[in-house]
Amino acid sequence: MQDVDAVLANLDQELHWQRDLYKELHRNPELSLQEHSTAQTVADRLASWGYAVQRIGGTGVVGVLENGPGVCVLARADIDALPVTEATGLDYASTTTVTDTDGTTVGVMHACGHDMHIAALLGAAKMLADHRDAWSGTYMALFQPAEETAAGARAMLDDGLVTKVPRPDVAFAQHVMATEAGTIGTTAGPILSAGDSVRITVHGRGAHGSMPHNSIDPVVLAAAIVLRLQTIVSRETMPGEFAVVTVGASNAGSKSNIIPDRAVLLLNVRTYDMALRGRVIASIERIVRGECAAAGSPREPEFEYYDQYPLTTNDPDVSSRVTAAFNAHFGPGVVYNTSPATASEDFSRLPDAFGIPYTYWTVGSVPSDVYRTAVENGTVAQDIPANHSPFFAPAIDPSLGVATQAHVVAALSFFSTVE
Amino acid sequence: MQDVDAVLANLDQELHWQRDLYKELHRNPELSLQEHSTAQTVADRLASWGYAVQRIGGTGVVGVLENGPGVCVLARADIDALPVTEATGLDYASTTTVTDTDGTTVGVMHACGHDMHIAALLGAAKMLADHRDAWSGTYMALFQPAEETAAGARAMLDDGLVTKVPRPDVAFAQHVMATEAGTIGTTAGPILSAGDSVRITVHGRGAHGSMPHNSIDPVVLAAAIVLRLQTIVSRETMPGEFAVVTVGASNAGSKSNIIPDRAVLLLNVRTYDMALRGRVIASIERIVRGECAAAGSPREPEFEYYDQYPLTTNDPDVSSRVTAAFNAHFGPGVVYNTSPATASEDFSRLPDAFGIPYTYWTVGSVPSDVYRTAVENGTVAQDIPANHSPFFAPAIDPSLGVATQAHVVAALSFFSTVE
Amino acid sequence: MQDVDAVLANLDQELHWQRDLYKELHRNPELSLQEHSTAQTVADRLASWGYAVQRIGGTGVVGVLENGPGVCVLARADIDALPVTEATGLDYASTTTVTDTDGTTVGVMHACGHDMHIAALLGAAKMLADHRDAWSGTYMALFQPAEETAAGARAMLDDGLVTKVPRPDVAFAQHVMATEAGTIGTTAGPILSAGDSVRITVHGRGAHGSMPHNSIDPVVLAAAIVLRLQTIVSRETMPGEFAVVTVGASNAGSKSNIIPDRAVLLLNVRTYDMALRGRVIASIERIVRGECAAAGSPREPEFEYYDQYPLTTNDPDVSSRVTAAFNAHFGPGVVYNTSPATASEDFSRLPDAFGIPYTYWTVGSVPSDVYRTAVENGTVAQDIPANHSPFFAPAIDPSLGVATQAHVVAALSFFSTVE
Amino acid sequence: MQDVDAVLANLDQELHWQRDLYKELHRNPELSLQEHSTAQTVADRLASWGYAVQRIGGTGVVGVLENGPGVCVLARADIDALPVTEATGLDYASTTTVTDTDGTTVGVMHACGHDMHIAALLGAAKMLADHRDAWSGTYMALFQPAEETAAGARAMLDDGLVTKVPRPDVAFAQHVMATEAGTIGTTAGPILSAGDSVRITVHGRGAHGSMPHNSIDPVVLAAAIVLRLQTIVSRETMPGEFAVVTVGASNAGSKSNIIPDRAVLLLNVRTYDMALRGRVIASIERIVRGECAAAGSPREPEFEYYDQYPLTTNDPDVSSRVTAAFNAHFGPGVVYNTSPATASEDFSRLPDAFGIPYTYWTVGSVPSDVYRTAVENGTVAQDIPANHSPFFAPAIDPSLGVATQAHVVAALSFFSTVE
């Protein structure tokens, strides 16, 4: 692994600008599909290091560095921020705000660490460009918009990603998590669940609240559906198999004395298995239709699927190879086998579109002492702000350095060594 | 009303044998369609007084006394007892028992006062026979089996009642209630509800209790149905309109670790309106089918209707005429306007089969002081044993005398006076 | 009843300005407690006719006409409009709008006929003032704000109504309904239900949608409550007794993948009996608390009662006297016995505060042919826009004239005749 | 492993009497705690081979063979049959019957393969006794009654097992399953779930079916509980964690028109984790109590726990050692890593009482071609009769031979080799 040491030779110096860039990005977050300034920054940097840069899918950026024969490695970072009002109190905290659809103002915040994904991947990209003599192959640094809305990978694909860039042989992505800084979690097989959201509208018949007999009450109908949906997990799924059916929102009516004419349910489904996913969705539709029939509903229910995330399931061989490289580079105590998370990602759409294997790993970001104390006290859930929290504040060090090295090490584990 | 006085002239003497007969009947109750001894007693007495007696519908008895021109009055008493173990402690309490279908032994008891109905109607029949000079017309005393199972009126009709006896012009029935002895309740319009029982079998798929995913769980399905059925009264029925949907029994499974393959629900429906009854039954079927669809039930649910009681709704003119006659005879403080009761009866099948009007009244049976004290204390429900209670014990006096007179007075209010 | 004819002698001429006033009021509706212009119009007119006018309860107006010895009659009209965007297409339709709390703009409309109540009572007030020689007593014309929010009667009482005006002996109010124009509905006893609204907040614990085990799911909790509340009417209320428990709104959450931390239910309760009302409310609280306990809810549920309407129950003697006077004046085919309505009113707070009897009647407003055709076709519910509909458009004639006469006739039925 | 070959030298001959014994046991099954004849047979055979035999726990039998220094191995077979009417059509099928508590007659059948457990362990016991020169240590063959009712292991312990026999160092048990004959399934860690049954009685107040307002309806209460219990798995358990809450029976009422006064639920709980088990049981009680409070239940619910099975979790070291020995003896294609099963066993009470490690493995019993065809067709669930089925019919060969060898090999893997 002498090539790794060569490529990372200047890591400490590089981290200076990486830290500054991280803070700049954190201070200027941009919402999904609006990452114009972020994309410009990324594109400019990549171009300055010799990458052939394309803008794909609106605010997506791909930089390709062809460096002799060998495999083509795709490394992806997501770049969008969230509508969360930052409460970290950091001196580089975001003060950006947006006006919501209902007129209220909310903050915008890199509450999921995508700013660190950018800074780390750019660092890796620069070091690989600076040390082309240490490896042979093609490095493709891809910066994807709109991961938070499940729209960005699709947008890049819809804009012709597959035909616009060389076909990669393997793909990588990583994610900052609220685990111990300095550690990396890898696993073979499922690591992130498939996620599907469904907006269900069920129809009743409105009436004055004192005349229920003139109504078909959608409030009662929605309640019956919510309770019955519980049976998909409790009765229809094999015990111990992972499946989540959450009704995150159930809304009907606005006045006590008016029976409304419809109810809207927002469901979120999580699975690690595509066949099970299909059965769960079929069960949802069956239950909703049956309950509407029981209610005498005057119109068919409507199902609108949105925010659909694919399953993220790491290729065993790629995962094994990268994990071995991580262990070789970082030494003991850094890399651990992580359990599948219930969260979802749209990264896998990219390698799936190319038909190539991939692996996805996690990078810790909570200072060791803080994290270990919380674990000992059994207070991780209360004490450690998780992704999407207004208090989510990754420790820049050592997290950023580990994440940068991880991309370099993973790529080099596939590139040909230059003798 | 001098004819009333004439017919009732010997009431006090007659009550001696009536009381004895009442106690004999009470001591020897017979279950529905098994009232052989009771029917024989009734038939013998009627015949001895000059009635033309027929046995119709197995244990049904009709005695006809043709007594000159005029209207034909049908007076009906029901004669069956109940599978209830008597706990009154009376010296004439029943000690009769039967063995239930599951091998357990239960008592048989006149817990609904039909014994008093018999004794009163026989008393009226004898006095009308003894005083034929005081009236003109035809008196038909009908003793009907199996009121408790809704089978007796139908049995008599199926056996040709309509063709076997003269067509009556008006019909009467009365019922002993746990209200103040010495009072009579009358009303125009609905007095007893229509009653329908439904046995619903819903199908799932059995499985070992640890493998719910192999099952379609009928226990959960039945639970969903039971809760959803509540909405027929709470949401689909006009507020203030009388409707009852009771799930009297819900049974599924026998072992904790075996998911059964079906559930059986026994429903009871009560209404005062035939159109509403139809809507309620349609709603029950709609809800059950919808819930079965929601469950993915492998077979259609089954609906078996039984114990169906017709609506009892008093003809306003007949009711008014009889009420006036009662008031004239009994004087103030006896006759009151009663509210419709939620109970059901099969009496109305008889006049309905003839297409004639009818009225039905109630006779109190609780000693005045006991009843009034309970009313004052607000403890009627707790302190006064109601019909079907093992403690139901009508006060023979004055109840039996009032009930006897009521039949005589009602009949005479329709008979021609003999000048 | 020659005094009635005397007072109403100029009815046809008066109706000219009454119609104009009605249209002016209809064109310029004002929301509850904001009826400033309407109150000014009313006060000016009353003063011009010799009434002693007071402004009570903000936008409430009372005009008192003392006219010799005799009873004091209180006649009340409500004066507020509704946040409904008018769709009648009338040339005097309202174009007034307001901006709702959430920023949306809605119309304001006299969609409940209070404009006609004003015009009719003013007409009656003027004619009684013009013909003081025909009666003796005190006439008090009271114009109440904010009936639609249940706040107006209370506002007038809180402002000292009882001490500021003479004590009336009897009180009247009327309401325009979507029944046949030219008819009047009266009844003794309950005519409008008691109405209570309750805002219930139940607490869970929020979590990411993929981590239900970290949540206490308020969506499921609310669903369980909604279904269980159905049993108050279906199981706890005596069959045939009037009770309504409507969950008009059930709202929780806004995103599919976030389990919210609370749910809010808005309930509306209707009863005709204060004891039953108390039991229903107690049952609601019991059920909600029980379900929260079953859910392991981390905080007690909150119950906020609002929009509470009293029972409106007509005094039998007053109702009988007024009904007789109506029949004598209008002749056959106008006055009918109306069934209790499920709607609610705050009128009765006024006579209840004085401790005096009252009666309340309804006035039809749909052209006869239209109404009768709809009845024949069984399409009243679909074809006849009811109160609160954006299409509610009372036929001015003969409705306004009937309503005006009704107030005059009712008052005169209690005033001393001047010999 | 030459000692294994020595001990098993006469396997083919031994299998003759083992097959006959198996058929004799199969033809004469005995229910739990009534295994008198079976126990006698076992005791006689063990004694004849030189084992020191004790009867412990009624129908339990332990034979101890002390054979020099070394570890003490406990091998356990369960011996009871089930109340299932055999439908295999085998010439050695059971014709034994018993009369159930409700008077119905059902068959008795070795429907769970305990007959094969007996025959295999006796075979192993005899061969170890016959070849004492090939090993050193103590072999303890334990035949446990009443596995099917979770009562047998406890009965033996209650009767002093721990003090009556030498303390073993390791324990083994095996179970015949409906998998491919000739295979053995082993695993480290959890292999069978903890199982708990709960009888829950909830109290309402009975009433006539037409008078729900006089009742507290336990049918509705039970339905609400059943639906709410679903949330323990669907919302309270971490997705992917194994937990089962089955309501195997829900029973209330027997007549349509009588609202009963109680409902009885029989629940079965399965978990692989004792902490989770505790939380699930706490949640059940919380939900039931909350729902009873919501219903206004007049008495506290009652919880009666029964048929409680411990978790069966194989010691990793023991499992690894035995698996290696199996592989060495049987060669490739026989031993596979089996997934945890949702079923439960009371075997682990025995080693837990001694505080010793154990392992438990499964033995296939379906002819290879039949099983493989069903797997290929995806029809295993339909085509292969599972344990407890009236059609469960293990193929004697090669199953009995494999099961016999398994016990010998497992024991010898712990005994000292005799040089």
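Observations
Letters A, B, C and D name the chains as they come in the text, with residue numbers starting at 1 for each one.
The rule we apply is simple: a contact is a pair of C-beta atoms (placed from the backbone, for glycine too) under 8 Å apart; a residue touches a chain by one contact, two chains touch by 3 or more.
Here's who's who by UniProt: A, B, C, D = Hippurate hydrolase.
Just so it is clear, the model here is predicted, and its values are computed rather than measured.
The chain with its Cα centroid farthest from the Cα centroid of chain A (Hippurate hydrolase) is B. By number of C-beta pairs in contact, A-C leads over the other of A-B and A-C.
Rounded to whole angstrom, the centroid-to-centroid distance between chain B (Hippurate hydrolase) and chain C (Hippurate hydrolase), based on C-alpha atoms, equals 45 Å.
Spacing of chain A (Hippurate hydrolase) relative to chain B (Hippurate hydrolase), judged by their CA centroids, is 70 angstrom.
Chain centres here are Cα averages; for chain A (Hippurate hydrolase) and chain C (Hippurate hydrolase) they lie 55 Å apart. In chain B (Hippurate hydrolase), 210-212, 217, 220, 224, 227-228, 230-231, 234-235, 239, 241, 244, 270, 342 are the positions where the chain touches two or more neighbouring chains simultaneously. The touching residues of chain C (Hippurate hydrolase), counted against chain A (Hippurate hydrolase) in their complex, run 102-103, 193, 195, 197-199, 208-212, 214, 217, 219-220, 222-227, 230, 244, 246-260, 263, 266-268, 270, 307, 342-344, 381, 388. Those residues of chain B (Hippurate hydrolase) that touch chain A (Hippurate hydrolase) in the complex are listed here as 210-213, 215, 217, 220, 224, 227-228, 231, 234-239, 241, 283, 286-287, 289-296.
Residues of chain D (Hippurate hydrolase) that touch chain A (Hippurate hydrolase) in their complex: 227-228, 230-235, 239-245, 270, 272, 340, 342.
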